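First chain A sits with chain B, and in the next complex the same chain sits with chain C.
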Partner chain A sequence: MIFSEEANDAVVERIEEWGAMKGVDVEVVMINENETVQRISAAIEAGTMPDAFDLGVDFALLLSQTGQLQALDDLYQQIGDAHGGWLDAMDAILASTDFGGAIYGIPYAASGINVLYRRVDVLEPVGEADAPATWQEIAVNSAAGQDPPSHYGMGFALSNVGDANLTTTMLQSWGGRIADDAGTTCTLDSPETRAFLEWITGAFADGLFPPGVTTWDGGGDNTAYQSGNALFIANPGSVYLNIRENDPELLEATRFSGLPAGPAMHIVPVTAKLRGIPASTSPEKTELAKDLFAFLAEDEFMEQYMSAAIYGPALDSQLEFAVFNESPVHIGLADAALNGTPGTFPDVDNAALAEYQTNFLTPRMIQRIVVDNLSIDDSIAETQAACQAIYDKHNQ
Partner chain B sequence: MLHRTTTSQKILYYTLLVLLALAILFPIYYMIMISLKLPKDIYRTPSLLPVNTTLKNYLDLFEKRDFFINIRNSLIVAAAATFVSVLFSSMAAYSLVRLRYLYRNWIGRLILFTYLTPSALLFIPLSVIIARLDLSNTLHGLVFIYLTFAAPLSTWLLMGYFKGIPVELEEQARVDGGTRFQAFYRILLPLSAPGMIAVSVFTFTAAWNEFLFALIFITSPKLQTVPVAISYLITGDVFRWGLIMAGAVSSAVPVMILYYLAQRFVVQGLAAGAVKG
Partner chain C sequence: MAQPNLTRGPRAARGGWLRLNQRQSEGLFGYILLAPIVVCLATLVVYPFFFAIYISFTNRMIGGQAEYIGLGNYLYLMRQPDFVASVRNTVVLVFFVQLIKLVLGLGIATLLNQPIRFRQFWRGLILLPWAMPAFVAFITWKLLLVPQGGAFNFILIELGLVNTHVEFLSSKALAMPSVITASVWRGFPFWVISFLAAMQTVPKELYEAAVLDGANAWARFRNVTLPSIRHIVLVVILVSTIWTTNSFEAVFLMTGGGPSNATLTFPVLAYYSLQSLQIGEAAAVSVALLPVFAVLALIIAVLLQREN
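Showing the complex of A and B:
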């Protein structure tokens, strides 16, 4: 279940339509996407797994490694062939070595894409109306446009929430790496990491972040932007849907662009939403689930779904959907799905990196400096040790 | 020696009481205010007084999202869990307090330890039990689960209350020809009414507010209880504050009424139970 009720309803109706067509009794259980891991974990233990379900790539990695998912290579090929092929990003994401060479989920959308929102009504009068091309430009524009305590520039979370892992993307844009190319040794302790930390902690010291960013919850950036307290945020699109519905003035004052580049490279992470079939599903129901996935992938339905959801395209045929050529946010999502950097590029997408991100080690490294007054060197050394411990655990 | 309270002391006491009342009531006031605002005003006009007051959040909640069904589900589950829990706990507590048998004290302590086990540790084994009993996604399954924490707590609290009632009263009934069970329900239970009411309110509130088990074991939207339904108003990184606050206000009303009606017994009952080991 995602933010858009229209999209949620469309999926339920479509599945029920398929059930009626096939003469199959279907029960669609919509669960909050935030609770997928807990609910599925409980279902595995209780032996009450559904016959098919939606999940994210990280969770698919984990489940595939424990033998909980069925390989779906044939269906992946079949759906791709029927829709002009999968976008390169989808192929790249599912090619993670940790999947062991098999396809364990059918992508239905490109997700995890952040779009940069900016308050053009405030930035234009100070001559900073154009989309920033680099993260450093955001800091410059923020300094020019902000007027504390009314509004601050950089509405990016630095707390222990998923949104704050955007700082890992920033770090990579500075040329920093979490681990080496083998994905086994942590390489945080580098001049690039130092340079990134000097920039971001400098911006914090200059008062460019709204107060409380180090303790924000998952909705902190949304709240800051919608309350007019931040000039820039990075968000997948839920804020766009919300202000389109509730605050047309703010929508009018907002412009959207892709994530900017850093001094070393341009990182725009793209991941995928998948549909999977548990290993516990019977052969007969597996065939039905595959048929359902193909039915759900049909363009007519997906065009309706994508126009209400906040995802990018996963298949070539979806690039033609009107929403990806008309809606400003969806144009950005489609662009990122096409030209973004799959998974955790340039780092190796593996279970160790997933745990690094789940533990929010990059934002914690920043917090240690701006909250606990640790030196940059000490904070890097501490995080390097914590990171290596994670990688060592997974290397065993 | 008693001494008269001076005017300045009275002013100090009342000032402190007013400050305390404000600290307690302000979050409730702010919750109500937010529930009466449009989404845009919640973010853009964070005032203490209503701006563009509207009942839209309540209308959306009850008309579009059938929140009455969630309240009904919570009422069924909490009332059933309370009734069954108090029924069996009163007998269990009586047994532990009045009867003499081996390991009685250990059993009493074990019951308390059962209550103290964190629910997060129980939810996986309970998942297995519920699945095997085919009670998943049912309200009676949820009642069954709630008894795992409600019954031990009720028993423990009632043990303290029963200990405070002189055993001689029951012995008198026995001398007059009553059975032990008659002594229990004709003498002990009526005398324990404040304690029973206090325990019922406490159990009801715990079941009404329970979130984790209701989230895990109920999958159908039509069977969701209030806390789960409210949590579903948060999707991804979007918090629908107006609806969330309207839901919180609406779900607080039944419990507030219950406490208002039973507050005297709650204070008496819990205080009596608290000092008996």
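Showing the complex of A and C:
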């Protein structure tokens, strides 16, 4: 279940339509996608797994390693062929070595893509109307446009939530790496990491972040932007959907652009939303689930779904959808799906990195400096040790 | 050797194949009545309990095979700065929450035990925080405390008491006090009601005698009320200590364990471990608290025994 009620309803109706067509009783259980790990973990342990379910790539990596998912290579090929092929990003994401050469999920959308929102009504009068090309420009524009405590510049979470892992993207844009090319040794302790931390903690010290960012929950940036408290946020599209429906003035005052570059490279992460079939599903139901996945991938339905969802395209045929050529946010999402950096590039996408991100080690490294007044060197050393412990655990 | 005859005789006719006297028969009947609940307890409490201890010594992932790794999970945890922080935070949280609830609980219960106007109304009102679902209560507290649009900041700024937002939840100095405040608010009604119920069992004659002896209100409270309800006070403290130590919602919903690890407690640490499907590691976090709970449970058992 995602932020869009309309998109959620469309999926349920489509599945029920398929069930009626095939004469199959279907029960669709919608869960908050933030609870997928907990709910599926409990279902695995209780032996009550559904016959098919949606999941993210990180979770698929972990589940595939314990043999909980069926390989779906044939279906991946079949759906790709029927829709002009998969976008390169999908192929790259599913090529992670930790998947062991098999395809364990059928992508239905490119996800994890953040679009940069900016308040042009505030930034234009101070001469900063253009989309920032770099993260450093965002800081400069923020300093020029903000007027605390009414509004602050950089509405990016630095807390223990998934949104705050955008700081890992920033770190990589500075040339920093979480681990080496083998994906086994943590390489956080680097001059690039130091340079990044100097920049972001400097921006924090300059008061460019709204108060409370170190404990924001998943909706912190949404709230800050919609209440007029932040000039810049990075968001997949839920804020756009909300202000499109409820706040035309804010929509008018907002401009959208892709994530900016750092001093070393331009990272625009793209991941995927997958549909998977548990290993526990019977052969008969596996065939039905595959048929359902193909049915759900049909363009007529996906065009309706994508116009209400906050995702980018996964298949070539989806690039033709009107929404990816008309809606400003969806144009950005499609551009990122086509030209972004798949998975966790330049780092190796593996279970250790997934755990690093789940433990929010990059935002917490920043918190140790801005909250606990640890020195940059000490914070890096501490995080490097915690990171290496995770990688060692997975490499045993 | 003569075999015991289990099927004949007057008892056999009455009690079946087993020869039992009246007392044994009643005892057996008692055990039979108890059996369903013992089975339930064994299935729902004892088995998960020992299973959690077992998997804490393995590298088991959700759905995966368990491989014995000895103290590996515990050693890994001990080396993590978060583990040390969570020990410290849990102790601080529990200590202050219990202390404040004790003072508030005793004070308000004493007040509500007096013949004040609308006493029944106040007694009902005091229960409201406890009746509210925890997630609603803590989300509400979060909304009151956040810098943007939070009621407390709005009031402070409007009154001119501060000129910028107070970071109740995101400053290291105020995050834990904020969580403590919300936890106290949610939990103190249980203490009030428990103490009030205990106070109502104290014979009035004791107070009358104390008054005749010239005892003032404080002396009556210290020498009559407190000794009379001390067992209830201790049991409430111990039970509530276990609840607070295990409480997850307050910290997770208000701060997520942050800022940094300023409010990270054991249950939240276990939750984060489980996010990467490391059920062995998550179990180790929970089991690490076991000795503390065992001591507390022992104290409760001894106190209840004495009460009996």
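Keep this in mind: the second predicted complex is superposed on the first by the 396 of 396 C-alpha atoms of A that agree within 3 Å, B and C clash if a C-alpha of one lies under 4 Å from a C-alpha of the other, contacts with A are read in each partner's own complex, and residues count from 1 in each chain.
Basically, a residue touches a chain if its C-beta (ideal position, glycine included) is under 8 Å from a C-beta of that chain, and two chains touch if they have at least 3 such contacts.
Note that the structure is predicted; figures quoted are calculated from it, not measured.
In the superposed model, A:N339 makes contact with neither chain B nor chain C.
When the two structures are aligned on the shared chain, A:E355 is found in touch with chain C, with no touch to chain B. In the superposed model, A:D372 lies in contact with chain C only, and not with chain B.
Applying the stated contact rule after C-alpha superposition, one finds that A:Q77 touches neither chain B nor chain C. When the shared chain is aligned, chain B comes close enough to touch A:Q226, but chain C does not. Of the two partner chains placed by the overlay, neither chain B nor chain C lies in contact with A:N395. Contact with chain B, but none with chain C, is seen for A:N242 once the two complexes are overlaid on the shared chain.
By the touch criterion stated above, A:A386 is placed in contact with chain C alone, chain B being left untouched.
Once the two complexes are laid over each other on the shared chain, residue contacts for A:Q38 go to chain B and to chain C alike. Touching of chain A by both chain B and chain C, each in its own complex, is seen for residues 38, 45, 223, 227. Chain A meets chain B in the complex at residues 1-3, 29-35, 38-39, 42-43, 45-48, 163, 218-219, 221-223, 226-228, 235-236, 238-239, 242, 245-247, 250.
Residues 59, 61-64, 76, 79-82, 142, 146-149, 157, 164-165, 167, 169-172, 175, 253-262, 272, 274-279 of chain C are the ones that touch chain A when the two sit in their complex.
On the chain B side of its complex with chain A, the touching residues are 38-40, 43-44, 46, 123-124, 127-128, 130-131, 136, 215-216, 219-221, 231-232, 234-239. Taken in their complex, chain A has these residues touching chain C: 37-38, 41, 44-45, 62-63, 65-68, 148-149, 159-161, 210-215, 217, 223-224, 227, 229, 351, 354-355, 358-359, 364, 367-368, 371-372, 382, 386, 389, 393, 396.
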